[in-house]
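Following are the structures in question.
In what comes next, subunit A is part of two complexes: it sits with subunit B in the first one and with subunit C in the second one.
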Partner chain A sequence: MRALRSAGPIFLVLAVLLVLIAVANPFFLEPAGFLAFVKRAAPLVILAAGQYFVIVSGEFDLSVGSLVTVQVVVAARLIEGDEAATWPVLALLLALGLLVGLVNGVITTGLRVPSFITTLGMMLVLSGAVFLWTGGAPRGALSETFRMFGRKDLGPVPWSVLILLVVGTAAILLMRSDFGKRLIATGDNERAAALSGVRVGRTRVLAFVVSGLAAAVAGILLGGFAGVSAQVGQGLEFQAITAVVLGGVVLGGGRGSVVAAMAGAFTLEALFTLLNLHGISGALEYAVQGVIIIAAVAAGAVRLPLRRAARV
Partner chain B sequence: MTARERLRLARPPAASVPAEPAAAARRGGVLSGRIGSTQVIYLALAGVMLVGWALVALDGGDFLTLETIVGIQQRSAALGIVAVGQTLAILAGSLDLSVAYLISLTSLVAAEIMAGQDSGIVPAVAAVLAVSALVGLVNGLVITRLHVHAFIATLGTALIIRGVVDHLYDGPAGSVPESFQRLGYDRLGPVPVSALLWAAVAVAAWFLLRRTRLGYRIYAVGGDEEVARLSGVRTGRVIVATHVLCSVCAGIAGLLLAGRLGAGAPTVGTDGGYDLESIAAVVLGGTALAGGRGGVPGTVGGVLLLAVLDSVFNQLEVNAFFKDVVRGVVIVVAVAGYARRTVRRRSR
Partner chain C sequence: MLLAAGCASDKPAATGATSAASTAASASAPVATTSSGTGEQSKFFVQADFDAQLGMRAQTPEGPEGKPWEQAIAPGEKADTAKYKKDGPYHLCFSNAAVNNPWRQVGWKTMQAEVALHKEIAKFTALDAEGKDDKQISDIAELVGKGCDALIVSPNTTATLTPAVTGACPKVPVIVFDRGVDTDCPVTFINPIGGYAFGADGAEFLVEKVPAGGKVLALRILPGVDVLETRWSAAKVVFDKSRLDVVGVEFTDGDAAKTKSIVSDYIQRNGKLDGVWMDAGATAVAAVEAFEDAGQPVPAIVGEDQQDFLQKWKEGGLTAVAPTYPTYQWRTPVIAALKILKGEEVPKTWKLPQPKITSESLDTYLQPNMPPLHYALCGCEDLPGFPAKWGGK
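Take a look at the complex of A and B:
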């Protein structure tokens, strides 16, 4: 109940934005129009869910953008348009996401490198390695089966919406489990958590693994939706972190819910949609986005002291 | 409380400044206690130069030529200036992700106002300093007054600047007169003018941190904001001041890059990756990302280390993407090294 109350503002903002979109574009109210929006938002929402796990444990993951690029470029190079290669490559991509998360987590917790630096280094290594391998430009092609997840529908519902539902449900269940409680305890007060028997390091490593896996899934969806390019993941790490913070999750850890983080990603996507509908040019879109992000986070922060006082 | 008493309170406890030899000696005794993180980065720098020299020699080249050394200085000047500014923000426990777009913006402001005329230089420099100080002020006030985390506040500012720059410019614009381009290319003997500019900025920042009241307060606020506040430091003002100085450094880098390019360019800041790269250089130099520990000499060493690596790879004609991989590994390994030392020291 308390989680719902603290996450309240983001749902209000999201509702207002959705109404504004519907006013500007009535097609949005039809199932097809709305599902198209959810489909477009799915990769960012999944990334934000993964990033939430890392942020709530008190860390950052800056490597997810380049990980998405790596996923798409590697998939294209390995599949080369061959249908038969699709499923093994999909499995490989998930394993790659898991491995990257594991390395991020182990370096951060084991070697005590700040996660900002660990994942920044990972970002450099990943983007350098993948282009080293492909010689500078992405090569190869994705198969139709691979692209199905990002762009095709199962009956009336897009595949990506279904995948989002599964991932979202999994994230919520995970946060309700013992692991979720340990994660929040770790982010809130590492020492207290450790003293009450939480294996802090292991918990954080798992958070990074979840984020890596989420990036793998988002990469698979984006590859299908947007196609193969070297820019596909650019800036996604900042968008994901922004979405999580918009959802009222505190940088530094310990506070906020995963549902609100996903709602933050929907809000960001709704904002892009609305700006497009009103014909605000691509460039000024960034400026408006910047103002709104600062304003939204400031509005959230200003209320915080009152809320804390009320709880005491 | 008199100003002097407050200053004494604001001075950080010796233990939080491991670079101070006296404090380190008192604490430990053996080798790991006596060598501060600044010395480590210079030892690493010497090591990389030695290995680089050997590798280039094996490859049949000559690393330690005047040309290489001038090249290293020139390449590192812009990043060095930004990183010195970033050091101030990070020491105060903050960070600035808006520097890259600010560099693009100020390069355009400079080149547009100069418009190829010598008479435009003074107004252009003044305008760049004013614009960058204003951006820093906004960053600082959003962080301290609106309580927005520095990460989000400066990311938001970066987006705003990006929107404005992208909206107004598609490509290079303005023109820098030849006399100002000297800033980018001329040298006095073996020393490039740009390196002198970097040295001047670094010395000024070092002086600020080590010899002025504001400097002590920056360490105090970064070390523990609440303790600093209770000791009578106006922590908000200190953080705002570091952001203004950090942005002004980015503005100076913008001027330098405009001088080198002969024009302003909307992508010069982001292409150089000055935001994350400057943070990496600061941390590589031994400054703690959480604030309160480290300093300018370390940052200078960190930037030089990155530049020497770059130079060695250029001479060996290593693939550009491989360079990124190595750079990522070096940064993580170096920081892991510091973390180990800190843990060992604390456990004593």
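Take a look at the complex of A and C:
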């Protein structure tokens, strides 16, 4: 109950947005219409969940957007439309996400490079590598099986919604485990956590690994949803961070719940959908995101002294 | 914020009757007025250029049959090249704006293959500006100092590159292609007919295929880029004169996921759409998939000559058209450079044919052995190394 209260504002905003969408587009109230919205939001929600782990531990992950692009471009090049290659490539993509997260984490904690710099560097390295490899024009094609996860349904429910349920549940369980408590302790007060026996470095590395894996899953869903593109991940890192902040998670770490972070992603996606339904496009999305990020952080700072310890 | 957003939206209401009526009213109005569906006319719109380009589509080009990259539409004034005549072997230089999209990738490969055809080109120096004006300005200065016999430029942006090209003209014969510059000092400027013809080809197709009052969604990549602005401004003129209801004009950033989301939203909001116009076909497949995923028939749609779209068109038996901005234009500057260095005449403004792909000619351009993002009008099939060099099998 207390968890719900602390994350209350974001659910209220989300509810208002959903009502506004339903007014503009009655089809939204039908199961198919609503599921289509959840399906479209799924990659961002998963990314936001991953980003939450890093942010609550007191760090940032700016590399997830370009990691998503890498996933899609690499998948297309390796699969070349061959169904048989789908599963090995999927495994490879998850391993790649894990590896990038591991490198981010080890550099940040081991070499004491601020994560802002580590992951910014990783973002540039990855987007540079994609550009070098493709020259801006991705080659190859994704297989039908690969695209199934982002595009097709299992019965009445889209695959991406099911995957989102699994990932969301896993994220909640992870935050309720000892690891989650250590993670929040690390983000809240690194020294206190270390003195009470938390292996701070190892905990943060794991947070980056979770974020890398989330980016891999999001990449698989996005590639499936829309096909091959060299721009697929552009700006996603900022959307994910905006979503997490919107969910009331405090930048700097230690406070906020993963459920609220995911709700933040839904809210952002709902906002984009609403803007789109009213024929307001493109450039305004960035402006809106900017306003949100500033307003949410300002609002968080104002209420900070009243906040209780973070909840899952 | 949201309230303001709601008010700012001047899109026609969802009720079909009123918006159809407003479109019908605007159909009788002069071309220059704005209809509620298509918004203000672009400040890039020039009526004379629009008329000229639409006229060029019907003209028969001069030049060898089957080699559109050597043809010229209404060549008019010829550049005198006697003063550039010199003996080979030659050193050609090329300042490229970028190779950052599939269209430029295909073009760049085609140009390299054209260079390889000519033994008299002893050296070919190319610098890639990576989409940056400042880099291209220094690239051009560097190439001019390298003793090139001729300099080919594909400018990144028009206004910013003009002084750099003007500076190079007195030192070396300059050939500009693809996008233009604001000076006539280059020996020749080569490109296909242009954006107005491209935009009108797509819009006229929809006017023909979609019944009166039908709902059309227009998708654009970005605002403010001249070649794209002219495409849309031509389409706007055509739509304003028609009885179609343009229910939205949206920017996609060329992003497939965003395109798919936008189209899905419009399908949900309007119940269905009767046509989709695009200023470039790179995301056409995503738009088609939005209809497939919504369980709706794909309406009349405008794409481009990319293989993935042509494939989709063929498989789905779509009602479609593909205006093109042919990549074979990358062959022409090399041919022009050699003509100039041999003292042969070239057109001052060299306009290449700009065909559109229709359902009749679809089979000619569909090449299942080529990669999904290959552009069919590369004119590269007869070049050495085809298809492997272009990623084909």
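Simple rule for what comes next: the second predicted complex is superposed on the first by the 280 of 312 C-alpha atoms of A that agree within 3 Å, B and C clash if a C-alpha of one lies under 4 Å from a C-alpha of the other, contacts with A are read in each partner's own complex, and residues count from 1 in each chain.
Keep in mind that, in the parts below, a contact is a pair of C-beta atoms (placed from the backbone, for glycine too) under 8 Å apart; a residue touches a chain by one contact, two chains touch by 3 or more.
Since this is a predicted model, take the numbers as computed values, not measurements.
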Touched partner set for A:V288, first subunit B, second subunit C, both or neither: both
First (subunit B), second (subunit C), both or neither touched by A:L20: second
Subunit B versus subunit C as contact partner of A:V232, first or second or both or neither: second
First, second, both or neither for A:R139, with subunit B first and subunit C second: second
Contacts of A:T69 with subunit B and subunit C, given as first, second, both or neither: neither
Partner chain in contact with A:V297 - subunit B first, subunit C second, else both or neither: first
On subunit A, positions contacted by subunit B and by subunit C: 131, 136, 281-284, 288, 291
Contact footprint of subunit A on subunit B as seen in their complex: 142, 146-149, 151-153, 155-167, 276, 279-280, 283, 289-290, 319, 321-329, 331-332, 335-336, 339-340, 342-343
Footprint of subunit B on subunit A - complex, ascending: 62, 107, 111-114, 116-118, 120-125, 127-129, 131-132, 136, 238, 241-242, 245, 251-252, 281-291, 293-294, 297-298, 301-302, 304
In the complex, subunit C residues that touch subunit A: 1-2, 5-6, 8-9, 11, 98-102, 104-106, 223, 248, 250-251, 253-257, 259-262, 264-265, 268-269, 285-286, 289, 293, 308, 371-373, 391
Residues on subunit A engaged by subunit C in the complex (per definition of touch): 20, 24-25, 27-28, 33, 36, 40, 131, 135-141, 151, 222, 225-229, 231-232, 234, 272-284, 288, 291
